[in-house]
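Each chain gets a letter, A, B, C and D, in the order it is written, and its residues are counted from 1.
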Amino acid sequence: MRHPGEARAPWRVALGNIIFNNDTPAGRAFDLVLIVLIFVSILVVMLDSVGSIRATYGPLFEWAEWVLTLIFTVEYVLRLISARHATHYATSFFGVVDLLSILPGYLDLLLPGANYLLIVRVLRLLRIFRILKLARYLNEASVLTEAMRASAAKITVFLAVVLTLVTIIGALMYVIEGPANGYTSIPTSIYWAIVTLTTVGFGDITPKTPLGKGLASLAMILGYGILAVPTGIVTVSLSRAQGRRQPQQPQRTCPRCGLQGHDADARYCKRCGELLPGSS
Amino acid sequence: MRHPGEARAPWRVALGNIIFNNDTPAGRAFDLVLIVLIFVSILVVMLDSVGSIRATYGPLFEWAEWVLTLIFTVEYVLRLISARHATHYATSFFGVVDLLSILPGYLDLLLPGANYLLIVRVLRLLRIFRILKLARYLNEASVLTEAMRASAAKITVFLAVVLTLVTIIGALMYVIEGPANGYTSIPTSIYWAIVTLTTVGFGDITPKTPLGKGLASLAMILGYGILAVPTGIVTVSLSRAQGRRQPQQPQRTCPRCGLQGHDADARYCKRCGELLPGSS
Amino acid sequence: MRHPGEARAPWRVALGNIIFNNDTPAGRAFDLVLIVLIFVSILVVMLDSVGSIRATYGPLFEWAEWVLTLIFTVEYVLRLISARHATHYATSFFGVVDLLSILPGYLDLLLPGANYLLIVRVLRLLRIFRILKLARYLNEASVLTEAMRASAAKITVFLAVVLTLVTIIGALMYVIEGPANGYTSIPTSIYWAIVTLTTVGFGDITPKTPLGKGLASLAMILGYGILAVPTGIVTVSLSRAQGRRQPQQPQRTCPRCGLQGHDADARYCKRCGELLPGSS
Amino acid sequence: MRHPGEARAPWRVALGNIIFNNDTPAGRAFDLVLIVLIFVSILVVMLDSVGSIRATYGPLFEWAEWVLTLIFTVEYVLRLISARHATHYATSFFGVVDLLSILPGYLDLLLPGANYLLIVRVLRLLRIFRILKLARYLNEASVLTEAMRASAAKITVFLAVVLTLVTIIGALMYVIEGPANGYTSIPTSIYWAIVTLTTVGFGDITPKTPLGKGLASLAMILGYGILAVPTGIVTVSLSRAQGRRQPQQPQRTCPRCGLQGHDADARYCKRCGELLPGSS
């Protein structure tokens, strides 16, 4: 949908092909360089958080962060220039992520040492998915997404039941065990109930009284059975989502009424009775 | 089933429609306000259990609890008045839950500081389900419930085997490890066996002797395999429960060639082109 | 298969019906009493292992144990007398379990305070299954058993892979972390690897070095994926085992060739072409 | 594919049959002895790592290791001699594993006490799989492998999502909890996120702040749901891989009434009794 007034210059179209597509060697090289730079920037953020490494390489990391911020800034500007619609891009999900990738570098000047900017830097990882989106995993990911969407309502019901269960078990344990045994409040007890029902079991809070251990045992066996439900939901959905993908042969269209979706062994249109193409 | 003698006054019918149904704007607004109030009351109970918050907002929470108890009391009375059969409502599951929602407020006057009344307050959460019951998740929930009921017998067998296993493993660990290593009694050892077999693994009690570690390893690998059984049971049940929901129309046979397995929307035989029975 | 020489006295046949069957009121009453006694005896063993309870009720438990041992001895003798073949019964699985139920009581006289006799007492729990075997859960249990047997070979392959994996990961962690960090020997490290791969995660031994944490992370993600395999195996087997049970209508037999296993809609024998009974 | 120039001497062919095949009594005996020796060598490595056992049996273990290394060396040389193509064997996967089985013994002379050689010794375990490969589990293993390969792309997508999730959760927890609560760096926090999301839950690092506990609760419920995805993927793949193994014979159609869907063993049409094509 090209607006007549904004015919892009040929160099902008060429640049857009390199940056936004990956079906040319230049486009693939651009994506590859970008992936490497994103991983390097994530690695820098990670290593910089390790005290002993920062003590030695701190200045190097700061320098690398600046270089990466500059490169990502240039990339952002190029994307803005070469995008078909600059505002569409700037307000899209990945446009916002791209902007978030460069902001922390500049905000550091205003708010030095702001720790929470770390998170924003880690969000650069999301940019990887833009590139993966174009790759051969697209189809697989869409089967998974479809299965997830199909079972969303069931999983919501399931979550409502689990959250109610966890609240009631948490309140019971708070009354049974009490603050003396580590169940300092109902929210803390609910946290414990979640840790237990999901079979994570940190062990930072554990029941001490016989009654508490009995209730915990019940909760664990319940959690064991409950674990089966989301697995069952997703398996059935996945089985269906994949089943629908199965008929990979070309669709035949009835020459008279235009109906599609004929079975592989059909010779006549099931709606109007016309002989189908490819049937003898 | 209306008894002739108790024709309800029109205002009671109108009130009943607002309170018990949600197909009018007034009914939906009533439900929405109720959900918010229930969540607020649960939130008050939770926050009141956190020592540092209670120290500051304790009086506010007490006041809020009183206001909520009064509102829920009015609601309970209105439900009693507007219900088609007051006794039916009062003895129904949700009628009892509604009564339990307001009792702790008044019992607090008689038994100040009774900690276990907390639990009763948390049970207010169950009232949410009355409203959800009327919502679009009904169908999904019924598929889950049906799958659960279908596999109840299998899960009972499974639970009997697990409980026997857990008792025997617990007794073995009690003898092998003994009270010195934390396995203070057979019930405690059974609690440990449940913690281990369900893969929760708190770590409050762990085997110390080589023999104990060996038996624990066996139990864990066993638990790993056993975890698969309820998942398999629920998945198969869910797959069937969902399959049954698909419309089961009768099979039509082509009067000329005898082919079966026609789609629901087929009007002509897909093999010979004959008009199918039941098609116009 | 009755040997001609040993026609049992009528009272022995009647006794056998009460003890071994449960299709008469007397048989059902006998089973019920037995189940209660077994649970009582297990409860006595459990409570007796709790120090504080034994301190108070120790003599009572000893007395109860003696009474129960005497009752079970009488029951064992009655079973021996009324069984169709006394030696068959005595050497059968449940015959041995029945004998093991009474031995500890008498061995206690010879070896007072022998702790390991506890285990033998707990094995009484297995006797419950004899009675359950006759109950309505038989069919469900057999579907589970069949699914298990069908997937035995696959689970063996899976276990071999898991045990190899666990050995290699354990040896690696022993070298990386070493005895100083709790990985005191390769068997201990393998125990840790099993704790980790089965997602139990006690936390009694945890990696301390960065390399160890990295390997542990890999092992956990691997374990996550591996957890899926036995679940998949059992689900598929269960789905098949249940599918085979599905045709619950009475089997029809071909009157000419005797073939069974005809489809519900079959009118003629598929082997010899004879009209099947029940077809018009 | 025999090269004309290298006709093997008959004794080399006979030796090769014993060593590489297991369809003769001698071949089976050879395999059995080898399995026992491999397990003994693994056992020696394991027990030698336990301080208290090494203190007593250290010299015995050293002696056993030498004997086993010599036997495995002779075996390796025999395999080289009797292999159809010595270089093919030497560069194959199992050829390298066989070489790795004997190297540590000799390297110990050059680098005494090198701990990491332990790992190489444990790799001997892989040699078991060569022998299992020839056994009856081959078919089962190939179904599992096929199911794994079929779902590789989906599992890759899944892993990418999980790794991104774990990185973002780890960074968030590092900012929320900080080094004071055990989240000493982002890599450590990511390790914690993996421990939590895979429901292992060691408990060596646990959230202390309310916000951290809240995020951890979210992560655990998320992990609970995510656990369902690989299970679903593998179950569906396994179900398909096993389905494909079922014989796929062509559909037969009754020549008189046109019915399809006949069983593989059917000789007559089950609806009209006509002789089916392909039946004698």
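A few comments on the model shown:
Just so we're on the same page, a residue touches a chain if its C-beta (ideal position, glycine included) is under 8 Å from a C-beta of that chain, and two chains touch if they have at least 3 such contacts.
Keep in mind that this is a model prediction, so the values were computed, not measured.
On a Cα centroid basis, the chain most remote from chain C in this structure is A. The pair with more inter-chain C-beta contacts, choosing from A-D and A-C, is A-D. Chain D has its Cα centroid 30 Å from the Cα centroid of chain A. One simple way to say how far apart two chains are is to compare their mean CA positions; for chain B and chain D this gives 40 Å.
For the pair chain A and chain C, the distance between mean C-alpha positions equals 43 Å. Shown for chain D are the residues that touch two or more other chains, namely 187, 190, 199-203, 227, 231, 233, 235, 239, 271. Considering their complex, residues 199-203, 231, 235, 257-260, 271 of chain B touch chain D.
Residues of chain A that touch chain D in their complex: 42, 45-46, 49-51, 115-116, 118-119, 122-123, 125-126, 128-129, 132, 136-137, 140-141, 143-144, 147, 155, 159, 162, 187-188, 190-191, 194-195, 198-204, 227, 230-231, 233-235, 237-239, 242.
By the touch criterion stated above, chain B contacts chain C in their complex at residues 153-154, 156-158, 160, 164, 167-168, 171-172, 174-175, 179, 184-187, 190, 196, 199-203, 206, 210, 213-214, 216-217, 220-221, 223-225, 227-229, 231-233, 235-236, 239.
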